[in-house]
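Below are two complexes that have subunit A in common, paired first with subunit B and then with subunit C.
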Partner chain A sequence: MMQVIQQIALLTGKDLRVEARSRQTLGLVVVLGILIVVVLGLGLGPQQVASGQAATAVLWVAYLFGGVLCFEKTMAVERHDGALAGLMLAPIDRGVIYAGKFISNLVLMVALALVVTPVAVVMFGFDLSAAPWGFALIMAGGFVGFAAVGTLFAAAVSSSRLQGGLLAMVVFPVSLPLVIASTQMMLHLFRDGEPVGGAGLAVLLAFDAIYLVVSWLVFEVILEP
Partner chain B sequence: MTKLKKTLMTGYWLVTLALFAFAIAVVFAWTPIEATMGPVQKIFYLHLPIAINTFLACLVTFIASVGYLWQRRQFWDDLAVSSAKVAVLLCSIVLLTGMIWGHSAWGRWWTWSPRLTFSLVLWLLYVAYLVIRPSIESRERRALVSAVYGIVAFLDVPLVYLSVKLMPDIHPTSIQLAPEMKLTLLLCFVSVTLLTVGLIAARYRLHRIESAVGAGLDLPTPTKVPITQPGDAA
Partner chain C sequence: MDEPEIRPVTVLTAQPAHERTDAVPDTARLAVRMVGLCKRFDERWVLRDVNLDVPSGTYLALLGANGAGKSTLLHTLAMLSPATSGTLNLFGLSATRPAPALRARLGMIGHQPMLYRDLSAIENLIFFGRLYGVSRPRQRAEEMLERVGLTNRARSPVKTFSRGMVQRLAIARALMHAPDLILADEPFSGLDVPSVLALQRLLAELHAEGKTIILANHDIGQSLDLAQRVVVLRSGQVVSDRRTLDTDTDQVTREVIEA
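Then we have the complex of A and B:
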């Protein structure tokens, strides 16, 4: 068990080190996220923006597009110079590779959210002070499920010229329950002032658990250099 | 295809279509008109059986996808895509009949009620399955991505169902049915199920031929391929 955690930490550390030194993905993703927020802010107009209700939708659009870009980039790094073949030859379980990639993606998405969320909050006047931890909890639940599905499909959809649009096409429909559950919970939390919990949180956690386990199992079969 | 198989197929389709026509006739001529909704309620006899059969088609795609990942045999992929196509067709009909019904019941073509949202997400899931396939050139890669997607999409269905339950609802949850109505519903269900199975089988045969041609394999009746293929595709 200790060894597995060590291996996962090693793989994640490698990914994040590559990212920290090149700063390729994060720069791209953050700017894209801010652009999406600005475009939606302009498109919705001043009246809609003032309501703050649109912020959750705006945030999800930014997270979804930014997230897909993260998944693509972290997997593309491995396809350079046959790095994936080397990784597969290493004496580690394939599930460990999945876990490493999953955590790297999650870290990138959290970094994206840390920049984009304040921007959206400022631009849309969305008041988070009522329940900042509830907001963070719901979003974290959404991110785990989204990254679980995204990491799996980034590995499956590879070596294809149309990779960009394709990954989004695959991941978006599957992630819709996350968007539905989290927006409904946000409504309950901020409009009705109800605490986080109950059925909504159960759906998020079920999504996370199911897709982490399924991805861990399926990843072994689909990984090809 | 052997002569016996051909006769069986023709017989199957004749029985299915006759039963379907009979069911439609029963719906319009024999079943009583519902008190509150009026004649529009008759769309229900098509709506519910097709909705159930959509799930059956999705289930077949799921099983075939698991089969492909397990055995890596092309016929599993052919079966998965055949039933996914039928699932999309059926789900489109469910959405359309539901919208017609909703328009006369609530006065609006679309509301974001849980079950409408559920059908829409289900439809999107399987439409995405069909549109991503042509973008992947390699046959093995296409089958692999489709199989993973087929599994993930099916596991998504209960989650979508649970998540839409968080939304406010106006859909009828249970309907009181007269005995004639129940009998009609059963008849419609049987004929629609036969139709679904027939459609999946027909699609599957076509995809088998397509992948055999694509792989350059020998068919059971190789001489017939160039002659029947353009006709089948059209």
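Then we have the complex of A and C:
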């Protein structure tokens, strides 16, 4: 078990080091996320913006598009120069490759959120201070499931010519339960002042668990030519 | 499983290597044993009933025209792509399905370098060394860089390397964990003459150290010079398997191109 954890840490460390050197993914994703928040904020008009209720939905749009770009870019690094074959030749389980990539994507998603969320807070006058930890918990729950399916499908479509378009087409519908569950919980949390928990959280965590386990199991099949 | 459609081809040797009485292998010392190996992509059979024994320490050249199945055979040997049917044993152990422990004994030099362009040469080697559980990966990486003549570029990102340097680093990556079986898929393509000579020398050294080398190559003359044994593939089938001492370039050329 310790060896598996070390291997996953090694793969995640490599991904983050590659990103730190190239600065390709995070830069693009953050700019896209901010643009989405600003454009939607302007498009919705002052009344919607002032209500603050559209903020979580707009944030999810930014996270979804930014996330897809993350998944695509981190998998492209592996396809370039056949690096993925190098990993597949190594004496490690395919699930370890999946786990390493999943955690890397999750870290990048969190980095995206750390930049984009304050922009939405300012743009929408969204009072995050009312329940910052509840917000973080719900978003974390959404991100885990989203990164789980995103990592799996990014590997599946990375050799396809359609790539970006296809990945979004596949990942968005599958992520819908996560988005619905988390936006509903946000509404209850910020509009009604209800604490995080109950059926909403159970749905979110159940989808996270299902997506993670299924993706871990299916990843090996997807990698085989 | 459906049986592959075997088209009649001219078999230039009477029997596959493992059945030949003059080449009865000591199975305990076999690095590779393939029996009736077949590989199908969709409806197309790429490997058909391949039987091949490769004793440890052999330097074998795999020849054939484009699409003959050389790369697929190497990918199957590397457990990157499972065989559709047949048996594959590596070092006496079944490798028909991917076996992580066996992978530690393989090193592959492919068409692509399998490196990360944004990382430096030494970072790449240390990463792969750790992945293989190499003890003292930094020390080993430095040794490998010295061996392939890249010590002075150890901290340069791979994206700044020439094609020849990338290929040398790819070889260092493949050798980081001191594999017993080296699979080289057209490693000379795109290299300049000094790089080709350096790589030939390196492979010869590895062979002298007792490593088993299977080299897929297009250059028949070069293969006959380098290897001990030459196997010709055509349409996914082994059409000849002979010692290089017993053959000449014209003979092998005919076997490769014969329609």
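To be clear about the criterion, the second predicted complex is superposed on the first by the 223 of 225 C-alpha atoms of A that agree within 3 Å, B and C clash if a C-alpha of one lies under 4 Å from a C-alpha of the other, contacts with A are read in each partner's own complex, and residues count from 1 in each chain.
By definition in this document, contacts are C-beta pairs under 8 Å (C-beta built on N, C-alpha and C of every residue); 3 or more make two chains touch, one makes a residue touch a chain.
None of the values given here were measured: they were computed from a predicted structure.
Placing subunit B and subunit C on a common subunit A by superposition gives a fit, with no clash between them. By the touch criterion stated above, A:17 is placed in contact with subunit C alone, subunit B being left untouched. Applying the stated contact rule after C-alpha superposition, one finds that A:137 touches neither subunit B nor subunit C. By the touch criterion defined above, A:128 lies against neither subunit B nor subunit C after alignment on the C-alpha atoms of chain A. Residue contacts after overlaying the shared chain place A:85 against subunit C, while subunit B stays out of touching range. Legend: residue contacts after superposition of the two complexes on their common chain; A:54 is shown touching neither subunit B nor subunit C.
When both complexes are overlaid on chain A, the residue A:7 reaches subunit C alone and has no touch with subunit B. Across the overlaid complexes, the C-alpha centre of subunit A sees subunit B and subunit C at an angle of 90°, to the nearest 10. Subunit A has more of its residues touched by B than by the other of subunit B and subunit C.
Touch criterion not met for A:115: it reaches neither subunit B nor subunit C. Taking all C-alpha atoms of subunit B against all those of subunit C in the superposed arrangement, the shortest distance found is 6 Å. The part of subunit A that touches subunit B in the complex is made up of residues 149, 152-153, 156-162, 165-166, 169-170, 172-174, 176-178, 180-181, 184-185, 199-200, 202-203, 206-207, 210-211, 214, 218, 221-222. Those residues of subunit B lying in contact with subunit A across their complex are 69, 117, 121, 124-125, 128, 131-132, 135-138, 141, 144-145, 148-149, 151-153, 155-156, 159-160, 162-167. For subunit A in complex with subunit C, the touching residues are 7, 10, 14, 17-18, 21-22, 77, 80-83, 85-93, 224-225. Touching subunit A in their complex are the following residues of subunit C: 41, 75, 78, 80-82, 100-104, 106, 108, 110-119, 123, 127-128, 130-133, 157, 173.
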